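Heads up, there are several structures right after this.
Below, chain A partners chain B and then partners chain C, in two separate complexes.
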Partner chain A sequence: MMASSYTAKEEDGHITVSGPGTLRSRKPENTAFKQQRLPAWQPILTAGTVLPAFFIIGLLFIPIGIGLFVTSNNIKEFEIDYTGVDASSPCFNCSQSFSWNSSQPCTCSIPFYLEQPYESNVYVYYGLSNFYQNHRRYVKSRDDSQLNGDPKSLMEPSKECEPYAFHEKKPIAPCGAIANSMFNDTLELFYNDPNGTKVQILLNTTGIAWWTDKHVKFGNPGGNSPNLTAAFQGTTKPINWRRPVFDLDADEGNNGFINEDFIVWMRTAALPTFRKLYRIINKKSGMVPTLPRGNYSLEVVYNYPVRSFEGRKRMILSTISWMGGKNPFLGIAYITVGSVCFFLGVVLLLIHHKCGNRNNNADISN
Partner chain B sequence: AHIGVGISGQEGMQAVLSSDYSFAQFRFLQRLLLVHGRWSYLRMCKFLRYFFYKNFTFTFVHFWFAFFCGFSAQTVYDEWFITLYNLVYTALPVLGMSLFDQDVNDVWSFQQPQLYVPGQLNLYFSKKAFFKCALHSCYSSMVLFFIPYAAMHDTVRGDGKDVADYQSFALLTQTCLLFAVTIQLCLEMSYWTAVNTFFVLGSLVMYFAVTFTMYSNGMFLMSPSAFPFIGTARNSLNQPNIWLTILLTSILCVLPVVTYRFLFIQLCPTINDKIMFKVRQAKASPAPPPRRTRIRRTSSRRSGYAFSHAQGYGDLVTSGRFLRRPALSRSSGLTNAGRTTTGFSPMGRSAGYSPTGRPQNAKVSDVEVTSLQMYRTITDPSL
Partner chain C sequence: MAVNENADRPKAVRLRGKDVNAESSLKWPELYRSGQRQELSSPLILISSLLYAVYSSLVFFFIPFGVFHNTAYDFQTMAVTVAMAATFTANVEISLVTRYWTRLNVAAVCVSVVMFFICSRITHSTSLFKASPGDYFFLGASNRAFIDPLVWLTALLTTWTAVLPSMTALAINVIFNMHDKHKVHSASSQPVELRSRLRRGASLRRSSYALSQGAGPGRLISSGTCIRSTVPTVDEQVTADNNPTDSQLQINMKNK
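And then the complex of A and B:
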């Protein structure tokens, strides 16, 4: 018999003995997971994927940018800085007094002219500059339990509120530096009729804060009882306030901690230049513009001193669109990025055409 | 040397006990180095580069914010996000990448041992690579802060209410950051198993789930001071402004990376790029299996002794004539590489010689042919 078959030794030396007393194999399981053979998608950056992606992004971003830019341009906005820095400004005299509790409130009146009529709802904002509501010690200085209406926290404000937690042995309600520095100027708008009469423009004080803030986050102590003076018994007002918290508004639904001006102020701003919603001028029925063209005047009860830290105050009248207020940045950014993308796509396409075959033809040097 | 390898065998287990890796046969060393070692180096370097990138980006944003918050060390993100960022939102995707990533599979790693060279030259993680990673982080952090800053500067919501407050800005910045680092991870990963995909998408879903939970009414009412961000997610993530900012930031973070990599692949592709390209082409049009040519062996394993009561084939064996292979015509397309006994036809002195009287040259056609498995390096002329 010339046939000689030859059995290969087992590839990996494992021993299996069949029959009684089988030895366990020490070979790892030959599953896809353990042998790292899982089915997978292995993408690589080829010209077929990258270049179309660039072109699509370019073609997508440019119209979005144009849409945003056009929308932003159609928003009408008017801004007056009424800090009174210039000697010629009507509010110059008011700005000279730096104290928080002067007994005689100072008023000033600034006339202005609106070039275009404003349709639909018009929003009145106050804006502050160089005011760091995002300073760490300032942001910490509040007691959310107290603001939610917790009776224990009302009498014992948290340590974060120090040094604005107690005043003359009584707890401050609301405690903290944020509440203490609440904006307390009063702004009123008057329209000068063509025939000479001054008409006060109706300003809506509610609907300016977030719904979740007003109904969940902030709550008066004692629930919804109408007698807020009793609920706040034993506390004192913040040092820089003129009136206590239960006296902020005659309207019960807007008094105490749930006063919307207070809530808007307590929502600290992210950047040192910010604006906060003050009032809303509701649109009039019919085709009448909310604010027609003409002369107006802004009456300011100047309570809030900002000149000590080189801050500025302004009043802003603005219409609103789906993207918010007037901010051309996003539109311009989208147009820029879209064009850069498109241009890069073209450049890469040229480069790929000229020398993109190196993957196939080049030799590997060993 | 980077690792110590021991072979367990007849000489005992001492080498095994004192080495980093041990196995039973010397030939496994090839697989250890070319496949597992290479993959390990690749995964480690990708992991390190990505980990440094995501944490540097996360931290540099605070550097830019410092200029706008009076240098008071105010964090630009929610504190819960800072806690959960490395713990939940970016832990599993990175883990998945460093466990499963491969650039080419093991068969290709064997066939192309040149792929081992980048490891020897320390190309994937060096001082230069670290510096590039830090530079990339710097750029990303600038984009991640200044685009939301400019988009939110003096802005309001679609219904006139506040959107530029600290909490909405924090939510916006942290969402932009998470999207940017996730997309960067997607660019780094070159082997998308189901597990990896689940980790990546699951982490993003987890982020939104946890965020909405923590910013919900229930959590706030449980502990107002611990969850002060109530309502922020609901009130800002329904603004198209916010989502457009997130989209712009993510694309802008990723664009230079993709451009840079694509340019390098086109202009000076590395070994890896070329072979991954070949793999893709091979998958698209699978090559025919290579023809197994006969292997000429210099030694035979067929020598042995046999005892019989007849004279036997002793002088046949010692004459060595049976080792000379007769030239026979074969059918084309022979697929086995082993020696077949059917090809033997004795000539010369032993022709016609049979101790048992049976006719020689009986072609035994039903003998099982065993074929030795041997690995050969396939040299590809196009590489």
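And then the complex of A and C:
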């Protein structure tokens, strides 16, 4: 398969005429690089070397695809759409009667049943559909200096945030369309014990954002001073928010710009149908499953309007594995590409036997 | 998403090609037949290149779209995945075209891939973010993406799917042209004698091919050789007989 070609030419003729007018040679220098005499490996490509590549890749991809598909099937996931589109849905009234100025938040409760117990950590996501967080103008509508805690940017948000930079002559903190459209529904889970009591499931609010986001990218103005109200003096809350940014959470480490729900929302999603991590249900000690089989109910404080753009809201409960959440597409794609590759290899082999032989025979007869 | 290899691809292909010397050119005239017939810029080649570009664009988007649909992965992770797939695809395409693998070629491919990872880490780093938060806002994206198995699997699948038509074309080429390849490799490059009545340096009319091997038509034009009669003068004939080697300049010197 290997044929190294050494073409070492001996000719060395370049003209050098010494005299009053020195003629400089225009030939390139006689180095191996410039005379293209470098030792090279020249792969001999025959059908015997190229066709096996198709079969090898095909035989490699199909087991990988099967492994991915099986792993994905073992991940448990449960999804509820609580937009309230149907009149029979519990959240129908909340979806119809939306107004920005309502002081009384609308709540609805959806019962559901888990068939399988969920072990280990369970991740609670909220999912949105038809919400284009990847729209270019939307993605650019933020001020990363302001979110990093720069005091100058706090008072003078960048032009990218327009028209969500100033409101009633005061700078908006945090500015921009991404912050303005932050998801503000509250989801709570309750387990209906077999003996009738309703147990609230403990949801962990920290550890949901990226470490680099929380500790490097986002920072409150004024450093780590506990008085956030003073740090945000002179700014106003975004137009669509109910509470200002320094009131997002009672916990100091989760308040202001470093609020983890806010950070998760600011990390824009890739596609119009996406999900974002909302809470984590930590696994219980011992052999008790985190979420046993049985009846549950989801209590929603319905704040976020999606009916106007035909969007949908969902709550998803999921376990995760080494490949993230449930993803049957990757397994199926690997199996498909592997089989197509293998099939292509077979077809090329047939062509080679039929037409390649004809060429060889023609050679011999000549 | 900076993929610099794609922009340099035509240059890279030229750098990796190898010149053919005079003897080989004479022996295998089919090597420059494709230029004479303008085979490399025919409408068929252009349309097939365009179709291949459309196909690979669709692959680069829709396979990551299918993987990241309805998942918790963000915009920047998907960007890193597509950039990885594009880099790998560009390098594989160049590897398929390269015929002479010198150490420089191997180094170029390796450095290209390694530089992609290094540059991604640099532009996603904390120090650059602190210097200019508005420009380097991909902070932390490659930290998580490069250790995520899903990102790597998606990138490899996308790469192989995008390269599949080129591989198929290469395989078909090899199947149908295998007998030519054997001939090329088995022949050794020996000096070929130019069998012709015309001696070099003679002032008779010369073919355009022969002109291209000499020092150029400048001397012929300035000496008025083409205008004068085609019968060689005594001086020139004697000189041509005495010096049947190349390089007209040497003959010029001797004449002076």
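Going forward, the second predicted complex is superposed on the first by the 319 of 366 C-alpha atoms of A that agree within 3 Å, B and C clash if a C-alpha of one lies under 4 Å from a C-alpha of the other, contacts with A are read in each partner's own complex, and residues count from 1 in each chain.
The criterion applied here is as follows: contacts are C-beta pairs under 8 Å (C-beta built on N, C-alpha and C of every residue); 3 or more make two chains touch, one makes a residue touch a chain.
This structure is a prediction, so every number in the text was calculated from the model and none was measured.
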Regarding the shared-chain residue A:228, is it in contact with chain B (first), chain C (second), both, or neither?
neither
Once the shared chain is lined up, is A:38 touching chain B (first), chain C (second), both, or neither of them?
both
A:91 in the overlay: touching chain B, chain C, both, or neither? Say first, second, both or neither.
neither
Given the superposition on chain A, which partner contacts more residues in chain A: chain B or chain C?
B
Touch check for A:330: first (chain B), second (chain C), both, or neither?
both
Chain B versus chain C as contact partner of A:321, first or second or both or neither
first
So, does A:291 touch the first partner chain B, the second partner chain C, both, or neither?
neither
For A:175, decide between first (touching chain B), second (touching chain C), both and neither.
neither
Shared contact residues on chain A, chain B side and chain C side combined as an intersection?
3, 5, 7, 13, 36, 38-47, 50, 53, 57, 61, 64, 68, 125, 127, 133-134, 139, 143-145, 148, 150, 158, 210-213, 216-217, 267-271, 273-277, 322-325, 327, 329-330, 333-334, 337, 340-341, 344, 348, 351-352, 355-356, 359-360, 363
Within the complex, which stretch of chain A touches chain B?
2-8, 12-13, 36-47, 50, 53, 57, 61, 64, 68, 121, 123, 125, 127, 132-137, 139, 143-145, 147-148, 150, 158, 208-213, 216-217, 264, 267-277, 280, 318, 320-325, 327, 329-330, 333-334, 337, 340-341, 344, 348, 351-352, 355-356, 358-364, 366
Over in the complex, which chain A residues touch chain C? Could you list them?
3, 5, 7, 9, 13, 15, 33, 36, 38-47, 50-51, 53-54, 57, 61, 64, 68, 125, 127, 133-134, 139, 143-145, 148, 150, 158, 160, 210-213, 216-217, 267-271, 273-277, 322-325, 327, 329-330, 333-334, 337, 340-341, 344, 348, 351-352, 355-356, 359-360, 363
Which of the residues in chain C come into contact with chain A in the complex?
18-19, 21, 63, 65-78, 99-104, 126, 129, 133-134, 137, 139-140, 143-144, 148-150, 153-154, 157, 160-161, 164, 167-168, 170-172, 174-176, 178-179, 181, 185, 189, 247, 249-250
Counting only contacts in the complex, chain B reaches chain A at residues 24-25, 39, 68-70, 72-74, 100, 102, 105-106, 114, 147, 149-170, 190-196, 217, 220-221, 224-225, 228, 230-231, 234-235, 239-241, 244-245, 248, 251-252, 255, 258-259, 261-263, 265-269, 271, 273-274, 276-277, 279-280, 301-302, 304, 341, 344, 364, 367-368, 370, 372-373, 382-383
